[in-house]
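What follows is subunit A paired twice: with subunit B in the first complex and subunit C in the second.
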Partner chain A sequence: MGQQVGQMILHHIVNGPEMELPWVTDLTHTVHLPHIPAFEVLGIVIDMSITRHVVMMLLAAFLLILMALFVRRKIALVPRGFTSMVESFVLFIRDDVAKATMGAEAARRYTPYLCTTFFFILTCNLLGLIPYGATATSNVSVTAALALMSFFMIQGAGMRKMGVFGYFGHLIPPGVPFWLAPVMFVVELMGVFAKPFALCIRLFANMVAGHVVILSLIGLVFVMNIWVFPVAVGFGVFMYLLELFVALLQAYIFTMLTSLFIGLLVVGEH
Partner chain B sequence: MSLMQIDPGVILWTLIIFVIVVILLRKIAWKPILNMLDAREKNIREAVEKADRVQVEAEKALAEQKELSEKQRQEAAEFMQKAKEDAKRMGDEMVEKARREAQEATERARRQIEEERVKAVESVRTHAVDLALDAAAHLLSKKLDDTTNRVIVSDYIDKLPDNLKQRH
Partner chain C sequence: MPKFPESLRKVGPYLNIGGVFLGCMVLGVALGWWLDQKLGTKPWMLLSGSLLGMVSGFYHFFKVVLRQGDGKKHE
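On to the complex of A and B.
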């Protein structure tokens, strides 16, 4: 039984070519998503099939564009309702994330990107908490892609600020003895890749963890006894609420760290 | 179906979707919102500055107004004072003039009375002399040594006014 529960948990978290939908009158409520034949580029097999997480991301993108179109019509000097909520997030990202880490001038350039990062991750996180939904951000490929985008933004910002040569020059901190320079270069270069790697793993792990805990609590009912359900459901609800908070927190952390890494290169006293 | 499995297809999908969202949202939402936030901040800053300026102006205007009204009050007081003084002076002058005129009139009347009196005395004297001469002539035409006649003349003279008596 424990084995089956483990399979069930894994099945719920990982990506897959089918989705469960409430209005599909099949016994399993399952719908199979379109399969696109894989192709090979530079020895890498790329399977662009629409999977569960891709659907959730498309849904998130669709919702965000819908939100943007709605907000755009309601922009006013005196904000109201939903627009003022979106606005307060934008204001927070601009003032307390971007300006705080990279100064007012650079903040103007990178705030739109940071806003999108925040809202996209937040939406993906929250969609994972809806029944029948799946958490795209609990897929390491998705978080890797997002971290890759951050990586490009961070390095692009650095090169924009210091020039391509200046950028590579900053990898050797000033004042380092010449015999130490190669070592420092390697260490700094590792740091360059470690930052987005950490972003990727942090988001992925956090989103997986919450779901694993909730599903494990529910799994207790099947593994142990039906009568543990009050405890399981009680803790499950608690974890769900915690997940709501984590969804927001991780979106914020991802955005904040991206901004901070950009700031380190843009403000750079090197 | 492993948790840590890297799927290039999903990475590509994520990049495509994310880049599209970044571009669209930047254009549709973030730029207008950020511009509006700037406009709002500018608006608020200007409003505050304007309020400060207006207050300073209002205070200045109030001070000016106070000063002006004070000046006007002072002027009015001075004017009243002057008018009072003028009225008093004019009144005094008028009283003085009236008094002088009355005095002059009295003087004139007295002089006139005096003249009249002198004229009257003159005329009386003339008449008296005539009468005396008449009486004398009358007596002379009769008898003068008669005692009775003496009495008559004496009585006549007694009846004359005093100053006429002194002269004769």
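On to the complex of A and C.
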């Protein structure tokens, strides 16, 4: 039984070519998603098949476009309801994240990107918490792609500010003896790559961990005894609520750290 | 009392310390391993890569910690 529970947990976490839907009246509620044959570009095999996580990302993007259109239509001096909620999020990112880390001028340029990341990650995280959903952000490829975009955004901001050569020159801290300069350059370069790597791993690990814990707690009922259900379900609900918070927090942390790294390069000598 | 976003922002730089520490080491080891495969210098690149990873991990750790301490002194 324990092994089956393990398989069930794994099945819910990993990406796959099929998806469960409530209105499919099959015993397993499963639909198979279209498979696109893999092709090769420059020696790299690319598989563009639609998987569960791709569907979830497309859904998130679709929902966000709908949200943007809706909010755009309802724009007003004193917004009400949903528009007001979205506005408070956007204002929070603009004022408390972007302006606070990079100053008003740069904030205007980078707020759209930060808002996009924030809302996309948040929507992906929350879509994973609804029944039949899947968490796209618990796929390391998705978080790696998000981190890669942040990486280009951060380096692009730095190069825009300091120029390409100025940017690479900035990697060597001032006042370093010349024999140490190449070593420092490599060490700093490692940091440049390690930062987005950390972003990617943090988001991925947080999203996977929460889901594994919830499913394991529910799995306890099947592994141990039916009478552990009050504890298992109680803790499960608690973890679920915690996950709601974590979904928001991780989206915020990803956005804030991206903003912070852009700020460190844009604001100049710290 | 500092507001919640305010304190989260202050804690921001520290949130990444562990990740960057880990990231530097993983990148160093991966780079060394990859170079070993390419150049056929079996253990040496891996060893120097790990050393480089450790050095840069500690360097970035202390950079964040000491810079933040400095900032507080000037305030």
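To be clear about the criterion, the second predicted complex is superposed on the first by the 269 of 270 C-alpha atoms of A that agree within 3 Å, B and C clash if a C-alpha of one lies under 4 Å from a C-alpha of the other, contacts with A are read in each partner's own complex, and residues count from 1 in each chain.
Quick note on the criterion: contacts are C-beta pairs under 8 Å (C-beta built on N, C-alpha and C of every residue); 3 or more make two chains touch, one makes a residue touch a chain.
Since we're looking at a predicted model, the values are computed, not measured.
A.B. asks: Should the pairing of subunit B and subunit C on subunit A count as a clash or a fit in the superposition?
C.D. replies: fit
A.B. asks: So in the superposed three-chain picture, is A:L241 touching just subunit B, just subunit C, both, or none of them (first/second/both/neither)?
C.D. replies: After superposition on chain A, A:L241 lies in contact with neither partner.
A.B. asks: Once the shared chain is lined up, is A:N15 touching subunit B (first), subunit C (second), both, or neither of them?
C.D. replies: Only subunit B is touched by A:N15; subunit C is not.
A.B. asks: Count the residues of subunit A touched by subunit B and by subunit C, then name the partner with the higher count.
C.D. replies: Counting contacted residues of subunit A, the larger count belongs to B.
A.B. asks: Does the superposition put A:V164 against subunit B (first), subunit C (second), both, or neither?
C.D. replies: neither
A.B. asks: Scan A:A194 for contacts with subunit B and subunit C and give back first, second, both or neither.
C.D. replies: Second partner only.
A.B. asks: Output check: A:A100 vs subunit B and subunit C. Expected answer is one of first, second, both, neither. What do you get?
C.D. replies: Second partner only, subunit C.
A.B. asks: Quick one: angle from subunit B through subunit A to subunit C, Cα centres, nearest 10°?
C.D. replies: It works out to roughly 100 degrees.
A.B. asks: Please indicate which partner A:I253 is in contact with in the superposed arrangement: first for subunit B, second for subunit C, both, or neither.
C.D. replies: A:I253: touches subunit C, not subunit B.
A.B. asks: Once both structures are aligned on chain A, how many angstrom separate the closest C-alpha atoms of subunit B and subunit C?
C.D. replies: For subunit B and subunit C in the superposition, the minimum C-alpha gap reads 14 Å.
A.B. asks: Taking the complex as given, what residues does subunit A use to touch subunit C?
C.D. replies: 92, 96-97, 100-101, 186-188, 190-191, 193-195, 197-199, 201-202, 252-253, 256-257, 260, 270
A.B. asks: Under the definition above, what is the set of subunit B residues touching subunit A in their complex?
C.D. replies: It is residues 1-15, 17-22, 24-26, 28-34, 36-37, 39-40, 43 of subunit B that touch subunit A.
A.B. asks: Where on subunit A does subunit B make contact in their complex?
C.D. replies: Those in contact with subunit B are residues 10-11, 13-16, 38, 44-49, 51, 53-54, 57-58, 60-61, 64-65, 67-69, 71-72, 75-77, 86-87, 90-91, 94, 108, 111-113, 115-116, 119-120, 136, 139-142, 144-146, 148-149, 208.
A.B. asks: With touch defined as at the start, can you tell me which subunit C residues reach subunit A in the complex?
C.D. replies: Touch list, subunit C to subunit A: 5-6, 8-9, 12-13, 15-16, 18-20, 22-24, 26-28, 52-53, 55-57, 59-60, 67.
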